[in-house]
Structure formats: structure tokens, C-alpha cells
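Down below are the structures I want you to see.
Next, two complexes with chain A in common: one pairs it with chain B, the other with chain C.
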Partner chain A sequence: MDGLFTLIVSYLRQLARQSVHVYRKDMLVEWRSPSRFLGVLFFAFALIFMVAFASNTTDVMRRQAGGSIWIGLLLASTRSLDQSFAAEMEHGALEGQVLWPVAPPAIFFGKAFANASILFVVGLVLTPFALALFDVTPRGSLLELGAFLFFGSTALAAPGTLLTAITSQARGSSVLLPLLMFPLVVPILMAAAKGTSLVLLPDVMDQSTAWLVALIVFNVIHWPLSALLFGPVVEGGTH
Partner chain B sequence: MKSFKWENAVGVFALLLFAVAQYMALFTAPAERHMSEVVRILFVHVPAAWIALVTFTLAFIGATGFLITGRRGLDWFVEASTEVGVVMTTLLITLGSLFAKPTWNVWWVWEPRLTSTATMLLSFVGILVLRSTVRDADRRAVFSAAATILSFVNVPIVYFSVRWWVTVHQIQSSPATVDPDMVFVLRANAFAFLFIAIWMIAKRWRIAKMRGLAETAPPLPPEVTA
Partner chain C sequence: MADSPPGLVIDDLARRYGRRWAVARISFQVAPGVACQVTGPNGSGKSTLLRCIATALRPHHGAARLDGKDIWAWRRTMRRDIAFLSHDSRLYEDLSAKDNLQSWARLGGYSANVDALIERVGLDPKRDDPVRMFSAGMRRRLALSIALMKQPKLLLLDEPFAALDPQGRALVIDVIREICATNAVVLMATHHPEEAAAACDQHVRLESGRQVVA
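And now, the complex of A and B:
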């Protein structure tokens, strides 16, 4: 029994160490050439602008501020995810990692958390700009707003990373990714948008915590499930 | 002589049962006190909903089985049951919309049950599109199995949405809350839909199998193709 426990602990340690290495690699690539981050950020800015132009009154803009931030982040995430795997597909880099050998769940955790980090930072930069543009002063705590941005980003990144691993190996990946990802993340988007709106606007029924819990539950479901499925997807479908 | 296929017997039985169940739904079942005759749509809307969830659950089981065993037959089963599930969900949404207009006075409401059902449909349509874009049979099987398992997360959300959130859509009925005359007709229609789904899945599985075998078959010698 002790032997099994030691084996599990040693596997988890190795998984954590490899995940951190993959995460550092992705973040280092981004740090040296932050083209993806800047591209995604300006794409999200442009989307917020478009939503503001499409809204007819300031009152409507205020009420849809939370939803607009998440629409911006969701659409921006598809660009970010697409690019994160485009680099891996060049010269068989992903295949090289699998053969090294890095455990596929470690590649998943590293890449997904890197994607979540980029999305979270985009959200942190985008939100004050959106609040100023939509003339909204948050009624709830900024910590709670940050929690929605963090857990919303991680909840989008987990299934997004797995689905990008799939679509990057298929024809027409830029169309396929939104087609597969958007319906799947509707519950996540709904929880993030509703919760963020409740932090920005008066939350008379104190419902924001329930939406935050829902987001955490989506994370608990999607992270292990996507990590498990990532192995067969990157190992090329052979048994 | 063509060999007899068991699913054809199921199909004949399903269509006969469907005809009888529809006759009962339209002529012998009582009208509802408040909604009157329009309630008869529920005798097809509710079975379509049940069978849609059952077929997506079968696709999930097939996908999990494929990833564990790698048996090609399970991949064909995922393709067949996903496609039948998409047909059933489209039917479910169309019939629900027809029922909503006279009862709710709208064709569509953005409330949790309807929204989650629409997103479930779109996510499984996405899997069918994914299958059509991947040429390599091994990769296609693995990708669609992974996407099916991930999309299945939406199925319990659809089922429990009426209990987790305040919705316009009513919560699940039980024999205790439905008139006994209606319960029997509803069950007859549900079994008719179930046998139709089995028939369609079996037929679709055979087509997927033939396509799969043709894909992996060695090329014909030049003297045959010339």
C-alpha cells in the first residue's frame, strides 16, 4: 500500500515538474516576442469598441458591460489558442515533446495554464478600459471581479486547449475551433458574464458568489477531463 | 439472396408501434384542462427529448469505450448515435417551439433549458463537422471520441437545468403528476421513438462500417481500375 502511495506521489511530482517546465517554455516564448499577447489584446480592444458602437444608449452599455468583456475575451481566446498551437505544429515541436518524453497531461497543464495566464492578463488590462468606456463604477469588490476574471480565464483555457490540439491537426482549423468551442463554453460564458455583471451592477439578491462557485465547478470538471483526453489526441490516434 | 438484417424487423415493429401510439396520442388520449388539444404535441416532444439524451449518452459510452479498447466498431457507433441524436434534438427543439407559441406566446425564450438544449445540439453538430474534416481514420476516431466526451458535459446540464435555475420550462413530470391515461400514451410513444432510434443507429452503423472498410481497404490492382 505504501509502495503504491509512493508511486502516485512520485508520478504527481514528476507531472508537476514537467508542467512547470512546459508553462515556463510557453511564457518565455511569449516574453521574448509578445506578438501573440499584443495581437490578442488589441483584438479584444477592437471588439469592445465595436460593442460600444453597436449600443444605442449609455444605460444599455452599462448593463451589458460584463457580457461585453467576456465576449471580447472569448473571441480573443480563439486567436490566442490558435497561435499557441500553430507554433507547436512547426517542425513537429509537439511530437518532439511527446517523444522526449514529456507526459501528455503535463504538456496539457503547462500549455493550458499558459493560455489561461495570457487570457487573464488580457482581461486585467481590458477591464478598466471597458469600464471607463461603458461608464461603469464597480459596486462589488475588485477582488471578486479579479476572481471572476481568473476562474473564467482558466475555465475557457482548459477545454479550449484540448479542442485546439484537435483542430490544429484538422483542415479548416480557424473555423472548426469556434464551432466546437463556443457551444461547449456557453455555460462557462454565462456564469462569467452574469457574475461579472453582478459585481459591476447592484447585486441586490447577493447572487454573484453562486456564479463564482459555478465557474469553479466548471474548472473542476474541465481540467482533469481535458488532461485525460489530451494524451490520445496528441499521440496521433494509434493504439 | 440478400441476408436478413435484424434492424429491419426492429424498424417494421417501430413504425407499427409509432402508428398505434400516434393514433392514441391524437384520438384516444384526453385533452388537457387548460391547454386543451395543443397538449398532444407533448406526446412527441417529450419522447424526442428522452431519446435525444439517451442517444448522446450512448455516443459518450461508445467514445469512452473506443478510447479504452481502440475497437473501430465503437467509432462507427459514435458516428451513428451522434447523428441520430442530432436528428432527435432538432425534432425536440422544433416541436418544443411549436408548443411554445400557443402556450407561452413566443417561439423561443432565452431561458436555461432551451439555451442549454440549443448549445448541446450545436456542440454535437460540431463533432459531425469535425469528422467530415479529418481524412485519417485513426485521427478522426480519436478526435471525435475526445470531443464527444467533452461535449457530453452539456447533457447533464440540459437535464438538470430546470432544477438548478428558475426557468419558464416546467420541471420533469412523473407518473404521479400526469393523468394515467396520458402516462400510457406517453410511454407507448417513448418506446416507439426508442425503437426508431435503435433502427436508425443500426442502419447508420452499417453505412459507417462500409465507409470505414472502404477507406482502409488496399487499392485495387491497375488491371481492375483501368
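And now, the complex of A and C:
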């Protein structure tokens, strides 16, 4: 029993170490080519602008603020996810990682957390801009708003990374990804948008915590499930 | 399995794409410390054979064994000791040569001297340049240094001379000799048998996925 416990601890330690190295490498690639991050950010900005201009009155705009932030983040996430795998597929680096002594879940955790980090930073930059544009002053705490951005980003990144791994090996990956991803992330988007709106507007029934818990539950389901499925997906080409 | 001799044993290995057999029932052995070249026209199955041995493809029949162990069955552990220089360079365009090597070393937990590896393949002056500025030959050299990082028991080289200048080709020959001196096995697919003969003691020829000479 002790032997099994030691084995599990040793595996988890190795998994954590490898995940950190995949994350570090992905963030280094992003750092060395900031045009990708900026492209995603401006794409999200443009979407927010369009929603704001399409709104009739200030009151409607205010109520749309939370949802608009998440529409911007969702659409920007497809660009970001697609580009993160483009760097892997360009010279067969993903296959190289599969053939390297790295556990596939470690590749998943590293890449998914890198994608979540980028999305979170885009959200952090986008939100103050959106609040100013939609003329909203948050009624809830900024910490809670940050929690929605963080858990919403991680909840989008986990299934997004898995689905991008699937579509990146197919033709027309940039078209396929939204088709597969959007139906799957609708509940996440609803929880994130509703929760963010409740932080921005008066939350008379104190519901925002429940939506935050729902987002955390989505994370608890999606992260381990996607990590388990990632191995067969990236090794699928070998069969 | 216990009766399998040391080194690389290819035992009745076959792989198909759809209904077409790309590699059909190939069998040969390469002893430790020996380099073997695999030749044949385009589409003869050289790359498929190497990819099966590298565990990038699962054989549909037969097996490849290294020191008695079925490579596919033990792929999770065997990948630590098998290095594969494929057509793809596995490089990240926006990272420098040094960043690329460091990333791969950290990922695999290899304590390789990255600077020495870069120097070994003659890219010392370009170590901090982004790979996107490299020529095809320089990328090939860098990819070779990633393969060498593993200090492999089995080195698989798919067209290693492609895009290389005469110095680069001489480097590949030197590397093969060095690897063989560590009692490892080298298997190389090539269209340059005369050049490869300088380092290879054994020759396997494939035609239409079938073995012609062993």
C-alpha cells in the first residue's frame, strides 16, 4: 500500500514538473511573439465596441456589459487557442512532445493553463475598458469580478484546449473549432456572463456566489476529463 | 522476448494506410554499436518503417524490439532512449536555438549541456537568434542536436543529409560514429547510400514496402 502511495506521489510530482515546463515554454513562445496576444486583445476590443454601438440606450448598455465581456472573451479564445496549436503543428512539435518522455496529461495541463492565463490577462485588460464604454460602476467587489474572470477563463480553456487538439489535426481547423466548442461551453458562458452581470449590477437576491460555484464545478469536471481524453487524442494519429 | 538478441530486432513488421500496405513484413536485426542504412525509392516505406520504430505509428503486424523489449508495448519508457530525427524539425520559430534546446531538455528532464550541444552542431554564433531566421540546413543541425540530447540507445535518422552542406554531412557521419561507439544502434533512411556507407556497416533496401536486400 505504501509502495502504491509512493508511486502515485512520484507520478503526480513528475506530472506537475512536466506541466510547469510545458506552461513555461508556451508562455515563452507568447512572450517572444506578442503580436499574437495583441491580435487576440484587439479582436476582443473590436467585438465590445460593436456591441456598445449597437445598443440603443445607456440602460440597455449597462445590462449588456457582463454578457458583452464574455462574448468578447469567448470569440477571442477561439483565435487564441487556434494560434497556440498552430505553433505546435508548424514543425511537428506536438508529435515531438508525444515522442518525448512526457505524459500527455502534462502537455494538456501546461497548454490549457497557458491558454487560461492569456485569456485571463485579456479579460483583465478588457474589463476596465468595457466598464468605461458601457458606463458601469461595479456594485460587487472587484475580487469577485476577478474570480469570475479567472474561473471563467479556466473553464473555457480546458475544453477549448482539448477540442483544439482534435481540430488542429484536421483541415479547416479554425472553422471546426467554434462548431465543436460553442455548444459545449454554453453553460460555462451563461454562468460567467450572469455572474459577472450580478457583480456589475445590483445583486438583490445575492445570487452571484451560486454562479461562481457553478463555474468552479465546471472547472472540476472539465479539467480532469479533458486531461484524460487528451492522451488518446494526440496519440490517435499513431493508430 | 527473453530469446531476443540485444540491439534492434525488426520482426515481421507491417503497417498499412487504409488498405495499402506501406511496409510489408520486414525482418532484420541490427547489433549494438552498428549503424544500418535503409534505402529505396520514394514511397518505398522507409519513413513509415522509421516512424513505426519511433512509436509515431503503431505497427499493424509484427514488432520492433530494442534489447529484447517490444518498443510499442513499452513505448512510455522506451521513448526516453529513442531519438528520432524526422522530416519535421520540432522547432518553435519564435524561440532562439538555445531556448528551443532548453525547452526540450527541461521537458524531458535531461541534464544536457545545451551550449555544448549547440557548439557540437556548429551553431554557436547563432545560439540566440530566433529559429525563424535559420536556413533549412541550420534547422536540420539544430534538430539533430535535440536528438543527441537524449544520449539515445537507438538513433533513428530520416534523410539526415537533406538540406545540409558538405560540412553538415560530415557532421552527421561523425555523430553516427560517436553514437555507435556508445554501443547504441543507428538506423538511417537515406537517398545517399555512398555517403552513408562511410558510417554504416549494414544495408537494408526497400521497394514498394517490401524488403529487397537484408
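Basically, the second predicted complex is superposed on the first by the 236 of 239 C-alpha atoms of A that agree within 3 Å, B and C clash if a C-alpha of one lies under 4 Å from a C-alpha of the other, contacts with A are read in each partner's own complex, and residues count from 1 in each chain.
FYI, a residue touches a chain if its C-beta (ideal position, glycine included) is under 8 Å from a C-beta of that chain, and two chains touch if they have at least 3 such contacts.
Not measured: the values here are computed from a predicted model.
Participant: Thinking of the overlay built on chain A, is A:R17 touched by chain B (first), by chain C (second), by both, or by neither?
Facilitator: After superposing on A, A:R17 lies in contact with chain C but is clear of chain B.
Participant: May I ask you to decide whether A:G39 touches chain B, chain C, both, or neither, giving the answer as first, second, both or neither?
Facilitator: In the superposition, A:G39 contacts neither chain B nor chain C.
Participant: Tell me which partner A:P159 touches in the superposition: chain B (first), chain C (second), both or neither.
Facilitator: The answer is first: A:P159 touches chain B but not chain C.
Participant: Scan A:L99 for contacts with chain B and chain C and give back first, second, both or neither.
Facilitator: second
Participant: After superposition on the shared chain, which partner residues are touched by A:K25: those of chain B (first), chain C (second), both, or neither?
Facilitator: Once the two structures are laid over each other on A, A:K25 reaches chain C alone.
Participant: With both complexes superposed on chain A, which partner does A:H91 reach: first (chain B), second (chain C), both or neither?
Facilitator: second
Participant: Where on chain A do the contacts from chain B and from chain C line up?
Facilitator: 237-239
Participant: Within their complex, state which residues of chain A touch chain B.
Facilitator: Counting only chain A, the residues touching chain B are 159, 162-163, 166-167, 169-172, 176, 179-180, 182-184, 186-187, 190, 221-222, 225-226, 229, 232-233, 236-239.
Participant: Would you pull the chain A residues touching chain C in the complex into a rising list?
Facilitator: Chain A reaches chain C through residues 17-18, 21-22, 24-25, 28-29, 32-33, 87, 90-93, 95-102, 237-239.
Participant: For the complex, which residues does chain B have touching chain A?
Facilitator: Going by the criterion above, the answer is residues 67, 70, 115-116, 119-123, 126-127, 129-130, 133-136, 138-143, 145-147, 149-151, 153-154, 157.
Participant: In the complex formed with chain A, which residues of chain C make contact?
Facilitator: Within the complex, chain C contacts chain A at residues 54-58, 76-77, 79-80, 82, 84, 86-95, 99, 103-104, 106-109, 130, 139, 146.
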